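In what follows, chain A forms one complex with chain B and a second complex with chain C.
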Partner chain A sequence: MGMLQNLAMGFGIALTPLNLFWIVLGQLVGVSVGILPGINASMAVAILLPLTFGMTPVSSLLLLAGIYMGTMFGGSITSILLRVPGTSTAAVIALDGYEMTRKGRAGLALGITAIGSWIAGTFSVMVLMSIGPWLSSVALAFGPPEYFALIFLGLTMITSLGSGSLVKGLIAGAFGLLLGTIGMDPGAGISRFTFGILGLDNGISFIAVLIGMFAVSQSLMNLERHFSHLFYKGKMTGLLPNWNEFKESFGSIIRGSVLGTFIGMLPGAGATASAFMSYSIEARISKHPEQVGKGDISCVAGPGSADNSAAGGALVPLLSLGIPGSETTAVLLGALMIHGIRPGPLLFSQHTDLVWALIASLYLANCLGLILATGGIKPLTQILRLPTPILSAFILVMSVVGAYSISNSMIEVWTVVIFGVIGYLMKRLDIPVAPVILALVLGPMAEKSFRQALFMSDGSVIIFFTRPITVTMLILSFISLFLPFILSRFKPRVLPQPKQADES
Partner chain B sequence: MTGCMRITMTTMMALATVTMVLLGIGSGPVLAADYPTKSIEMVAWASPGGGSDRMCRAFAKAIEGVLPQTVYVVNKKGGGGSVGMAYVQSKPADGYTLLGVTNNLVFTPLTKPDLKYTAKDFAPIIMWGFDAKGIAVSADGPYKTIEDLVNAAKQKPGELKIGTFGLGTDDHITGYMLGSEAGAKFGFVPFDSGGEQLAALLGGHIAATVAEVQEVGGQVDAGKVRILAVATEQRMDGLPDVPTMKEKGWNVVVPKFRGLVVKKGTPPEVVDYLISRSLMAIQTPTFKDYLKKSMIEPNFLVGEGFDELIQNQEQTFGKVLKELGF
Partner chain C sequence: MRWAERITAIVLLALCVLWIKLAVDLPFPAFARAAKMGPGHYPIAVAGLLASLAVLLLWQTFRCEKHAASAEDDEEQSRNPQGFRHLIIGFGFFLVYVILVPLIGFVLASMVFVFCFIRLIGQFNYLLSGALALGIPALLWIVFAYLLTVPLPKGPFGF
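And now, the complex of A and B:
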């Protein structure tokens, strides 16, 4: 078996003390970076890239891969504990993860994310080395019309994120879509709704909106409540999931892993989209729909796994085709080029040692992540023991500093402030946040691919009905859109749940 | 830490001054003591890790070695470089804010008429090279030569789709100029990144793509992608068998220049000093290595020579962009 031999060689290279040191260092840097809001994996990798110029290509790639994987987990820590999204990919975990924290189940939320990440990472690495090249040719079959159909399918899921009120869910979704139209028009290259603010040309900063809507709005809520019951003061229970909890989330982890690997592979989609789509799926098929948005473990486990497997998935087209599947892998591609390696289909045969060392290191980084996480959960949750006013002030400071660091400009800071207020008002009006975010991630992608498809067909919409993958997904979208209505006609109506006393 | 740094800086400055006096380099119109007396900011208009960011970091490192001060890179991303341009314009014209540029310096103001600044508001220091654009097709497709592609487009006007990086960009102009020079009509599909263009090409969703030659090198080696023609003056060293469009009789030369500018109004002696130091910086082995590995064609122009190229591009491409409706 050539593959196993290669893999053994890869582990041989990755496990030399020096290389192992780089992986561990990368992992630690990645986790810290992930915790800081505003700094994404791609920024961390890019900033540290110049430091690797003097290293061998293998060592530098291992360090960068460690950072990449570490960030994915680091971002979920603050999302769960403080509702501060460390990275955009981890933001969706904050929705139910933070609610779990409020119920004293922070350890469990972190634990299931760590385990899910590990399973997902392992899954995507296995896919990468076994059927990666084949899958990447499948990914190539996705042209603009297919992207549009896929993303449209994702958008139809908004109807399941309404947390009770379909109308409110749709209002929130439409608001998100509107926000997504700010910036450069993808078809004509002209600025829209930017009011002459240059910094808005690339669209409103997604991570800044997230920080505002999650972290700042939460702090405002706390102010209102005179700091009375923000964080859970009781005993933290369940650091690791018990067998039942694990069984309950196992399906979500597997669905998240598969979805993440595939969506991560598509150069136009990415980890954030996959995490949000995983959340919508879990929300839709959840066995306890009344729990969604209020601390449902599947809604943490699914997206927590999807973002990690998307990180591995993004490497599939990078290694087999030389095409980066995400922003971070685009930076890794730059790193390869700096070291004089031409990424392309010949990478596997020309730089066998490098590729397999990278695959082995991804796997090691994954296992290290699990060890770090399980060891770190208990001390991490201690942060909740801080007095609430201090913690709230700390969150606000982190939010503003993080916002500024996105592109070293005040625009993101203002975005955070404005969306903090909007998020607060939405909470008061009981309008869900999740549809806004989902629409803001997927809307611009949908518009772009829709316009590209029309460019391909000279403006004829027939293009969406002549391509088998597109048609299949559009049919699925309509089923997804109307099935809940049809089903509800045949089902006895579920009594509305009594509102919880601690309503947010 | 800062105290320590300051001491080192002063020592370094003193050393550098002594060295320069000894070597006689400091005998220009400006004394090393006048400029630079504090650290210099180099603005990259890309996010960390982007091509322009890597370029700025490589150059900052190189020029730092021949300056008595530190040079640090700041990312001001957005709006096709306009955010970075506006930031540099908001700073005094004293040579302490450098801007690493590509030909977006020309294209962005041309396509955004409400922008307050154009290339004319900047004083060119140095161009160190350019990226070559080429027309790439899938190797197993029907087009073996650039004539095949052009003839196919002539038979089905507008039906052949070429992928470009955005619209109103140098990619778009390259494809459009090929069409208008050769008398064929192409359709264009804009993408957000070179990677997406390549994926669409390999997946057969577009007939051809305008690509930076360096980006598809790996594909060409593997026999997946064929470059039919390049938009350079001369054939490239790395691709001796690929014709230029110019030699086919089509005047399509679109070099994506890379270099350094400062705000207009910077004192001439500071500009001269920066030019002389930049010339030293680009000769350092690390910078040469960066150019080679990034597959940037080395090509040096300083001061007025660089200015001429910029004005030339403004005129030529401004006209084409008008035709395209920008």
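And now, the complex of A and C:
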């Protein structure tokens, strides 16, 4: 089947009333989550994952993908209106976005971000549609050594880009790999590090670790902070830019879209890095350098587009190679695995319906985002009135019931508690939690591929240095360790700080 | 934060030693010998890597003593005493809640937890705390026990 036929089939599946309902719900939840500081996409997907156990794989993925895409735009709303970035990706948008709000141009800032997000999201989905099947057909020729090298590349990129400190990022990754060794060994089937606990024979529950590290730890962090209740009281008019304003920002939107998509495709680089890079480029080439940091529309349009396209770009390695490009795509990987679907080269040929329904749903989610942005921004910001203790209580109860429903056992609940504490301590120590999750997923895959490769070569590691693709990826792995130093040059020195309630 | 990093490094080192000890004792079946890699080799390599990184972290805390000390001062200054109190109380409630779930059932334990949490940490009035203590567990019971047919733990009253 051709690409257009596949896309038509995908729309046929995504546009059924039930699936459309899940996409709309996902988008609404995603935008709400993006608006609320202290909750990110990974946390929302983690606590909602148990709810999808009873759904079909397609419905489950459409809901979670809707949340994923919705969060990206939701984060920019509070960044622009209140200078409170709902997500880390939206932090840079606050620099000029909030200045535009102060000048009475809040509507325009939000409108251009929504239009940019729509163009960027659509562009990244088109790239996913074009590159994904090709990349998966290339990857079909991969043997265990190439797979090991690819996973190794993913691990080095993720651990090196997750934190300000390279050592801490690597510690998080190595800790995740260590956790991944718990359970049955993939070669000989021998039980390892289970300490006599039967529930650990199949490995430590990925979902329970996820809920603990993202939901419980963040709730504990939120308890310590004081979140002021901020409301936008100003007027919101002129959401749609005029022709001159659109012309002025169109170049930034295109640059942000292209940059975000390709940066998003790199494992670990993600939406935040692409938004910062886009801001840096727009600030350097701006036609009004005196306006940069004081409400330059290009510096809002570029990063606003880049973060959205990066979200789509991160799906390319996930769907075609089975390697998650960001922490949220790692959670999506978990969601697919729960339903017995293993992302990778065979996904495009074996689960055509699922992949193309997902692609169609991303198109729909982008359009829904635009509709929501032009019609419902102000009512949506009212969600900020929800007090933190009520939200925390709900998330903690939801975490317990969600963890219990994984295998109807309290072992998973205790896993959540333990990893909630570990996640909290890691956050306090500035150790990133995302590499733990990614390494927990990728570690067993790496070990399996490594051992299969050694079986092929009668135990000789030379096999990893004689195959061109493997050598290239191993070299890239070592280069990727130095990427944080390169990317850090693009980060602006001044980041927006949350304002106090009385200042809003 | 310096002392916390040192404790983390030491705990990680102890974990790695335990992992290596257990991995060395794992059997190496004859059929797996062709790959010259048994069930214990990969965990040993990973534990070795983590141990090396832990040593590096430990070394960094001594090398960057001056910088770390000033960061520690900033950390102390930014610490909110009331926030820390909330954290301890909130986590204490959560721990008791998890212990109570299998004993008195999900619904009852959740009601007690939500009420205490919202009343004492959020300092909301009894009416709102009570309403939420009824509403949140009821909503989640409907979704998980009724719609998704998850057999949630039941207490002495049958729910």
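Throughout what follows, the second predicted complex is superposed on the first by the 269 of 504 C-alpha atoms of A that agree within 3 Å, B and C clash if a C-alpha of one lies under 4 Å from a C-alpha of the other, contacts with A are read in each partner's own complex, and residues count from 1 in each chain.
Basically, a contact is a pair of C-beta atoms (placed from the backbone, for glycine too) under 8 Å apart; a residue touches a chain by one contact, two chains touch by 3 or more.
Note that the structure is predicted; figures quoted are calculated from it, not measured.
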For A:N202, is the partner it touches chain B (first), chain C (second), both, or none of the two (neither)? first
Could you look at A:G187 and tell me whether it touches chain B, chain C, both or neither (first, second, both, neither)? both
So, A:V397: does it touch chain B (first), chain C (second), both, or neither? second
Once the shared chain is lined up, is A:I338 touching chain B (first), chain C (second), both, or neither of them? first
Considering only touches as defined above, state whether A:M129 meets chain B (first), chain C (second), both or neither. neither
Touching A:N408, do we find chain B (first), chain C (second), both, or neither? both
Looking at the overlay, does A:K168 come into contact with chain B only (first), chain C only (second), both, or neither? second
Looking at the overlay, does A:F142 come into contact with chain B only (first), chain C only (second), both, or neither? first
Once chain A of both complexes is superposed, is A:E224 in touch with chain B (first), chain C (second), both, or neither? second
Interface residues of chain A shared by chain B and chain C, listed 50, 53, 187-188, 408, 455, 458
Which residues of chain A touch chain B once you look at their complex with the stated criterion? 42-43, 45-47, 49-50, 53, 139-144, 184, 186-189, 191, 196, 198-199, 201-202, 267-268, 317, 321-325, 327, 330-331, 333-334, 337-340, 342-347, 407-409, 448, 452, 455-456, 458
Residues of chain A that touch chain C when the two form their complex: 50-51, 53-54, 167-168, 170-171, 174-175, 177-178, 181, 185, 187-188, 190, 192-193, 216, 219-220, 223-226, 387-390, 392-394, 396-398, 400-401, 404-405, 408, 410, 413-414, 417, 421, 425, 428-431, 443, 447, 450-451, 454-455, 458-459
Inside the complex, what are the residues of chain B that reach chain A? 47-51, 53-54, 57, 61, 74-80, 82-83, 86, 111-112, 114, 158-159, 161, 166-169, 187-193, 195-196, 198-200, 202-206, 214, 217-222, 224, 286, 290, 292-295, 326
Parts of chain C lying in touch with chain A, wherever the complex brings them together: 1, 4-5, 8, 12, 15-16, 19, 22-23, 26-29, 31-32, 34-40, 42-43, 46-47, 49-50, 53-54, 56-57, 60, 80, 82-84, 86-87, 90-91, 94-95, 97-98, 101-102, 106, 110, 113-114, 117-118, 121-122, 124, 132, 136-137, 140, 143-144, 147-153
